[in-house]
Amino acid sequence: MSTKLLGERIKRKEDPRLIQGRAHYVDDLKLDGMLYMSFVRSVYAYARIKSIDAAAAKSLPGVLEVITGADIKDQLGLIPCAAGMEGLKIPKHYCLAVDTVRYVGEPVVAIVAKDRYTARDAVDKVEITYDPLTPVTDPESALGKDSPRVHEEFSDNLAFVAKLEAGDWKALEADSTLKIVKQRLINQRLAPASIETRGVIASYSLGEETLTVWSSTQIPHLLKTQLAILTRTDESRVRVIAPEVGGAFGSKLNVYAEEGVACYASHRLGKPVKWIEGRRENLLGTIHGRDQINDLELYVKPDGKVVGLKCNIIADLGAYHQLLTPAIPTLTALMIVGCYNIPNVWVETKGVFTNKMATDAYRGAGRPEATYIIERGMDLVARELNMDPVDVRMKNFPEPKDFPLALPTGVTYDTANYQKTLKKVLKLAHYPTLRKEQERLRKKGKYLGIGLSTYVEICAMGPSSRMPAGGWEFGMVRVEPTGKVTVYSGTSPHGQGEETSFAQITAEGLGIPFDDVTVYHGDTSVVQHGIGTFGSRTTAVGGTAVFRATERIRKKMARLAAHRLGVKPGDLEFRDGKVETSDGSKSMAFGDVVGEAYYARQLPPGVEPGLTEQYVFEPANYTFPFGAHVAVTEVDAETGEIALRNYYAVDDCGRILNPLLVDGQIHGGLAQGIGQALWEELVYDENGQVVTGSLMDYALPKAHQFPWFDTQTTETRTPVNPLGVKGVGEAGTIGSTPAIVNSVVDALQHLGVRHIDMPLKPEKIWKILKTVDGRQ
Amino acid sequence: MIPESFEYHAPQTLAEASRLIAQFGQEGKILAGGHSLLPLMKLRLASPRHLVDIGRVAELKYIREDADKIQIGALTTHYQIESSELLKQKCPLLPETAREIGDVQVRNKGTLGGSLAHADPAADWPAAILALGGEVEARSESGSRWIPAQEFFVEMLTTTLQADEILTAIRVPALPAHAGEAYVKFAQPASGFAIVGAAARVVLDDAGAVAEVGVGITGVAAKPYRAAAVEGVLRGHSPTAKRIAEAAAHAAEGVEVNADLYASAEYRTHLAAVYTRRALEKAVERAGGK
Amino acid sequence: MRIRIKLNGSWREDDVEPRLLLVYYLREVAGLTGTHIGCETTTCGACTILLNGEAVKSCTVLAVQADGAEITTIEGLASDGKLHPLQQGFWEEHGLQCGFCTPGMIMAACQLLGRNPHPTREEIRQGLEGNICRCTGYQHIVKAVEFAAQKISPQSTVES
Amino acid sequence: MKIEGNHKIPAPRDVVWRGLLDPAVLARAVPGCEKLEAQPDGSYRAEMSVGIAAVKGKYHGRIEILDPVPPERYRMKVEGQGTGGFVKGEGVLTLAEQGGETVVSYSGEAQVGGIIANVGQRLLQGAARQIVSRFFEAFAREIAAHAPTAAPGPPVEV
């Protein structure tokens, strides 16, 4: 019997500390002599700073330092943007505003004080005089000739244009038999809003000249490099630790001003400096997601076959680039055809500066927009041709045998069976029965909606050739002399559960108990290399590195055991704490083999003592998970209120290592995607003020708003990595948004409703109902 | 998240509290459950110099029946009202309204008196107290007075309470025979505050016609109000579906309707009518009418 | 101001500033960092604790208001080294991911089961309306509470 | 945010006009006004505590009267900066005579920045209306008390 762990429902190793309140997030750490930092932030969207009077703040007892942009502009570098695209305009992005503020919430002054109370009190004592300028708030008019410019050093507000063109558009446009289905779609701005806000402690040791930074981050290794550059510290002397991280969803895949200023302040004062973000600061000054305007045209044959896709994308980037800001909308173009092999594609993406916080990677990062575009589009095609949305999709799916499938968008989908997931979800939802019920209810004036979404997404980021800062991942396995096993991963999970799934990989690989494996991540001095956790890559890329390093351990141990047992290494199996021949006739305890490596008395020739192996996995391609969702909604004809009655999802994320974790990722993703469709919206008013600056205004989903999610899976493995894993972190978010909107539009379709923009607030629905059937 | 500094006072008796609040005048604020005031102080939208915490004044915590009236001490928490068996029998509108306030934790700590005195234009309690035709007791060192709910709410965050007065109790009629009450609410999804909250109380006569009716509406205007026009259409008439709908259509009559990110004035006006109708339908049904 | 609080079973006395919020008292004075802060507006529930047996948001209570009170935090839930059934349930049913909302969620669930030992799924969702989780989509949390309910007072299979 | 409305002041138009330009009258009528000083350039410097009930913020700033057409209309610009935010507004006031009384109509745009804008959205419009109403009530009282030339009218109704 082998020790079967992969594919099992195994409880998480992470949980005991978390459920007992014993875990340590950044704000839980207290260092000797630690000081606290606070920020005075711009209340204007766009203004010149006329003067800063910090005298009163400085004289407040307990205030140690008041720092302005002018003070540090020559001491600290600029906030980095890793997206390298042709012709990209990159504005100077200082850690503290110099001369001009460009969005509400931009840090202008930093205060360091003996405690957080004093630091907060001092904020109110700083007097900044501004000369307001006309802010740019609408990305479309920002492109007009007469628009004010967010950055005067540039000739306009266009940060970049990216074009993607494939196929024979001349022929297509000449073909008069094609129908063209057009729609403008708005993908609203969202706040990632992890429940733990951001936070950092920087501790510069004047003696050792080392900088240690605890940051609530998804990318400790990348942050280490960037902070070394930013603070002009020798990278060998910088250590970054991501302690427990309370959610991120892309928002902590970044290098932020506050991190830089904290390092500066600690260096200057020789004391640890802590900054913890407030919720309003989080909604104003942590990256936002989405915010695109998409003008879509689909060219369709009379039988429902879609042969061409045209889309103009305007992406509202905000005022400055954060780490990946301009790269995100280009992922939309990359995945815009969804799970349909549309031969002719034309996409133009314009990234636009506005006086807002930067947009960047938020769960799904560019792919939810793509899926929303194509899945709303397919429903519009169905409506135009009076077809069932299921039939339109079936008509346009490639066959399973067509994979790997190279697409005109430049990516090659690995494996898929779209028909299977769709059929399965339709069965789960009792689709034909639902349609009958819908008919029945319509006759009674009740509106039931059935919404479909079939998505594919791009995961396991990614081949280094396509990534801004490396797409590989590092894994190391060390068998300790006692036989316990330590796994080191360069990823930085923060809730996804890889301390558990990586332990499953290694324990199964070595045939030892799950509890004997401990996984470390998130500390650059403990784990030598790493990229981080984002883009649904951790298990597929990081897990593979661990898997390969485990294989290397096996190989070495097999060699050691074979040497002692007088068999060939290939004859040996690892199971139940033993290394033995398949018939069990020759066997060594796992610990004894480990002893061979460490006591090193009878090593085979050429074998080094010790048992540590590492692997850097470079994926050859992305992976492409997919799925099919059905949302059933009821619309209150009188008030426009929407009730989500049922949600069915069948997802395929490749091989499943732990179904418990996969379910958790799917559920959480669904909640965020549904949240976008129904409630969430980060709103700037016409003056560039954020008017949803608290959780009393920005509507995060709550438990009672959801029905029971009825989820199932299929498993289509990927050949891209030896585990066959595709990734599941973002799938739910990507698939669910269009399913909800399609459902609500479907509920009202018989009244002539064609499209409703998100979030589907009751008032919007009510207004539409009022116009379509003249009620009230 | 961090309030400005203040001086804290924790009187044990009402008399002591009254003396303190009279002493501090505009500089002082009363702290009851703290669930209206502390959130403002944390954001530094309010920064009183003196906080008089009446949380230890035991004489303000009670629910009692007094002939055909129910009297509730100002420090009674929303949850105590929500879970009161006496109120479920004698004044079911109050537990039904309590359930709609904030969330479990807020209801455990927030108080009836604190909420009423804060007079948030979207709070739930005012709708119920108005519909019931309740009264609010205010006490100061110079004595006490009962203020009818309709006169209590002046405008946004403003009541007729004087600077030296403490809200000490509310008094509402117990549920008579052939009567029904209901509170329904269209909540803002993030805050849970009422975009529209409608409370209704209906007493039917022997013929099944509406003998008494009270409708209180919150969330719609700068202050909660009693919808007199709605009541006028119903009073004395059989509460048919048609009549209820006709009456409810007047829900936002004569008020300047709020508009915000979650509902325009036009939509709120519509919701006020719909939710008022729904509250009335429920109340009539509970009263045994059709 | 001097305050006396029975915290997870033991009395302690501390001098605090009146403006000190209970959540900061717990985290920074008493050193119990299991209670978290997730918003500024009494919305997210990450700071939920039991104050005299009732779930409250400790970010909206002054430490001085809690003078003389009994407080239970997540750290005080397990007894004799044995996890509370809710802790077991959250572990068993994968009721948490990043874990940041979890202590508050568990304390709110504690209150929920105290008042309603056999809640329906709908009642569980309603009972957790004051707690926001951004990771789980809540479904596993509902299962975790169901698990604990069953564990605390097993329901007979036949309703009497 | 649009702010518009009108208030009836029981006094003749020229009395109301003078009152609206009299710093002493304004200082008493503007809710929470702590200081109002006429500046050489014709503007006023103001310090005030703006808010409702316990929700208050201290602001300092300037008020400018532009394009006056006595006693009919003028344009007013208000700019104030306070802890955590700012208020700005611009609008036109029109005075019309109506049976010996004066109807003051106002129409303008106000902008709020900072914490009030970020978290106070739900109460903003109502609060603005309320502060404006308070001003006109107080102003009417001032006119009645300090301008004996004003025709006696019925008690002020708002």
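Worth a mention:
Order of writing sets the chain letters: A, B, C and D. Residues in each chain are counted from 1.
Here, a residue touches a chain if its C-beta (ideal position, glycine included) is under 8 Å from a C-beta of that chain, and two chains touch if they have at least 3 such contacts.
Just so you know, these numbers come straight off a predicted model, no measurement behind them.
Inter-chain contacts peak for the pair A-C.
Taking each chain's centre as the mean of its CA atoms, D is the chain most distant from chain C. Rounded to whole angstrom, the centroid-to-centroid distance between chain A and chain B, based on C-alpha atoms, equals 44 Å. One finds 29 Å separating the Cα centroids of chain B and chain C.
Averaged C-alpha coordinates put the centre of chain A at 50 Å from the centre of chain D. In chain B, the positions touching at least two other chains are 1-2, 4-5, 43-44, 188, 190-191, 193, 261-262. Residue positions of chain A touching 2 or more other chains, listed in rising order: 117, 124, 278, 280, 691-692, 694-697, 700.
Residue positions of chain C touching 2 or more other chains, listed in rising order: 17, 19, 37, 40-41, 43, 129, 131.
Under the stated contact rule, the graph of chain-to-chain touches falls outside the line, ring, star and complete shapes. Against chain A, in their complex, chain C makes its touches with residues 17, 19, 27-28, 32-41, 43-44, 46, 73-75, 77-78, 83, 87, 90-92, 94, 96-103, 106, 121-122, 124-126, 128-129, 131-142. The touching residues of chain B, when paired with chain A in their complex, are 1-2, 4-5, 43-44, 186, 188-191, 193, 261-264, 267, 270-271, 274.
In the complex of the two chains, the chain D residues touching chain B come out as 52-57, 83-84, 115-116, 119-127, 129-130.
Every residue of chain C that touches chain B in the complex is listed here, in rising order: 1, 17-19, 21, 37, 40-43, 45, 48, 51, 54-57, 59-62, 64-65, 67, 108, 111-112, 115, 127, 129-131. Those residues of chain A lying in contact with chain D across their complex are 43-44, 104, 124, 129, 132, 280, 283-284, 685, 687, 689-694, 696-697.
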